[in-house]
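Some notes on the structure that comes next.
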Amino acid sequence: MTAPKPLALSKEELQAFLDEVFPQVREDFVVEALEPMAIEMRLPVREKHLRPGGTVSGPAMFALCDVAVYAVLLAMIGKKALAVTTNCSLDFMRKPQAGKDLIAKCELLKLGRVLAIGDVRLYSQGDERPVARATMTYSIPPK
Amino acid sequence: MTAPKPLALSKEELQAFLDEVFPQVREDFVVEALEPMAIEMRLPVREKHLRPGGTVSGPAMFALCDVAVYAVLLAMIGKKALAVTTNCSLDFMRKPQAGKDLIAKCELLKLGRVLAIGDVRLYSQGDERPVARATMTYSIPPK
Amino acid sequence: MTAPKPLALSKEELQAFLDEVFPQVREDFVVEALEPMAIEMRLPVREKHLRPGGTVSGPAMFALCDVAVYAVLLAMIGKKALAVTTNCSLDFMRKPQAGKDLIAKCELLKLGRVLAIGDVRLYSQGDERPVARATMTYSIPPK
Amino acid sequence: MTAPKPLALSKEELQAFLDEVFPQVREDFVVEALEPMAIEMRLPVREKHLRPGGTVSGPAMFALCDVAVYAVLLAMIGKKALAVTTNCSLDFMRKPQAGKDLIAKCELLKLGRVLAIGDVRLYSQGDERPVARATMTYSIPPK
């Protein structure tokens, strides 16, 4: 077995870079934990993320999954803001709990030369049953 | 061949209902055309939908696809605000053009008793090459 | 508007190449019609494709969708047997009719330098309601 | 936290039922391990599953994922041969190794009244990097 690739960015460098390239969503996505090929991120749920009934909106869940894969990819390959999502599949399985932050646990399953694939599970903080799962593919631009 | 099911809501009734149940996104989604099993919707792209470089954000594209399928489903089955998205697949194929509205052309491929499936293609207004495609599955609650 | 790219292979050249590279499935996949960026293929349904109840198996439907996208891609870029499927999403919407061939109508939505994306709808011959839909992404190897 | 639901079928009862309802694929799918909400299955790879170059075919990988989710679903809800696949997403990430069996590790993420969702990762026996991942949704018929 080969050793996993090391991180190119620390947790602090990654958070700072995300804040810089996504100023408009700076307060939405917090890096909770980072290790090679895996990340945990948190969406502090606020009024703007909600739908009638108090549930978190689909676009907010999509955004959290998308950012989690992007973030762990950047942490592995370094600051390349141009990686783009090419595909995603999402399953919404349970209604997120009102008043709870959303937690994304993301694993990078493939880190190739041109494609990276990440798997994400979303949880309402404090509940171990996933509310959604997603797989996102990113295309990595040539140098 | 069987005749297609008729619309339960007119274009005006549908737009009014969407405005009522999604007040926070009222100005984002415009019903352009409606017929049985098909709808065309428009996202008037504004600053808040953009990413650096002037491209429309992934969450905004997800939201437009999701609303288009929801809207044509409601137009067919009547006002049932509780239908929920259970699955989606999305392919992002080209960068949307800066300064152009996004157009969703949506077809309902299946309208079953418990599941409905819609296919969507997104276009930058005036360009015939799709920027993205999506398939969304909705679960219809029992009466 | 730009003119579409032309075909690199004729319908006969394509069928001959498929028969050569997939000898084990030679009798399974027939090119019915071919034009730039679009193809129609047929699966002559036989005993081995069926599941109990007379319905066509999921793997047989997957295979037909996969081959249809591969075939139209080859028809556009020429004989490159090494293009590989990287992603697929499939929705099974209706039970295929027993005793009817399956027809795949496939459109290539994107033909990029490294990725190609095709959309497929499957029909039981003679029925206009799709039994399934699929989107397949192919990775095109560098020259 | 609630205790997980118990198994309705033992590993032996499940294998016997699969052999009975899928006689044509009896030798293809072996239940390796079973616990509540999770299963491991093996595809003993043979000539008929291969593509040129010695790699396992896409339809064979699809079939293994599909059967794994079906099997763990049956193991949880009992013998209901009529559950049907409604959706799948698949990512092919690495070329399976020639001459190695394929192992499916499957987790049931949701077991609802009408829908069940399972996540699968495929491995070439002895290699810890997944060759593919899949999510399959099954519709459970009413009693």
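Read from first to last, the chains carry the letters A, B, C and D; within each, the first residue is number 1.
Methods note: a residue touches a chain if its C-beta (ideal position, glycine included) is under 8 Å from a C-beta of that chain, and two chains touch if they have at least 3 such contacts.
Source: prediction; values computed, not measured.
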| item | value |
| --- | --- |
| Label of the chain whose CA centroid is most distant from the centroid of subunit C | A |
| Subunit A on subunit C, rotation in degrees - Cα superposition, rounded to nearest 5 | 180 |
| Centre distance in Å when subunit B and subunit D are each reduced to the mean of their C-alpha atoms | 33 |
| Inter-centroid spacing, subunit B versus subunit A (mean Cα positions, whole Å) | 24 |
| Separation of subunit A from subunit D, taking each centre as the mean of its C-alpha atoms, in whole Å | 27 |
| In subunit C, residues with contacts to at least two other chains | 86-87, 89, 91, 93, 137 |
| Residues of subunit A that touch subunit D when the two form their complex | 1, 89, 91, 93-94, 109-110, 117, 119, 128, 130, 133, 135, 137 |
| Contacting residues of subunit B [partner subunit D, same complex] | 86-87, 89, 114-115, 137, 139 |
| For the subunit B and subunit A complex, residues of the former touching the latter | 21-22, 24, 48, 51-52, 57-60, 62-63, 66, 81, 84-93, 95 |
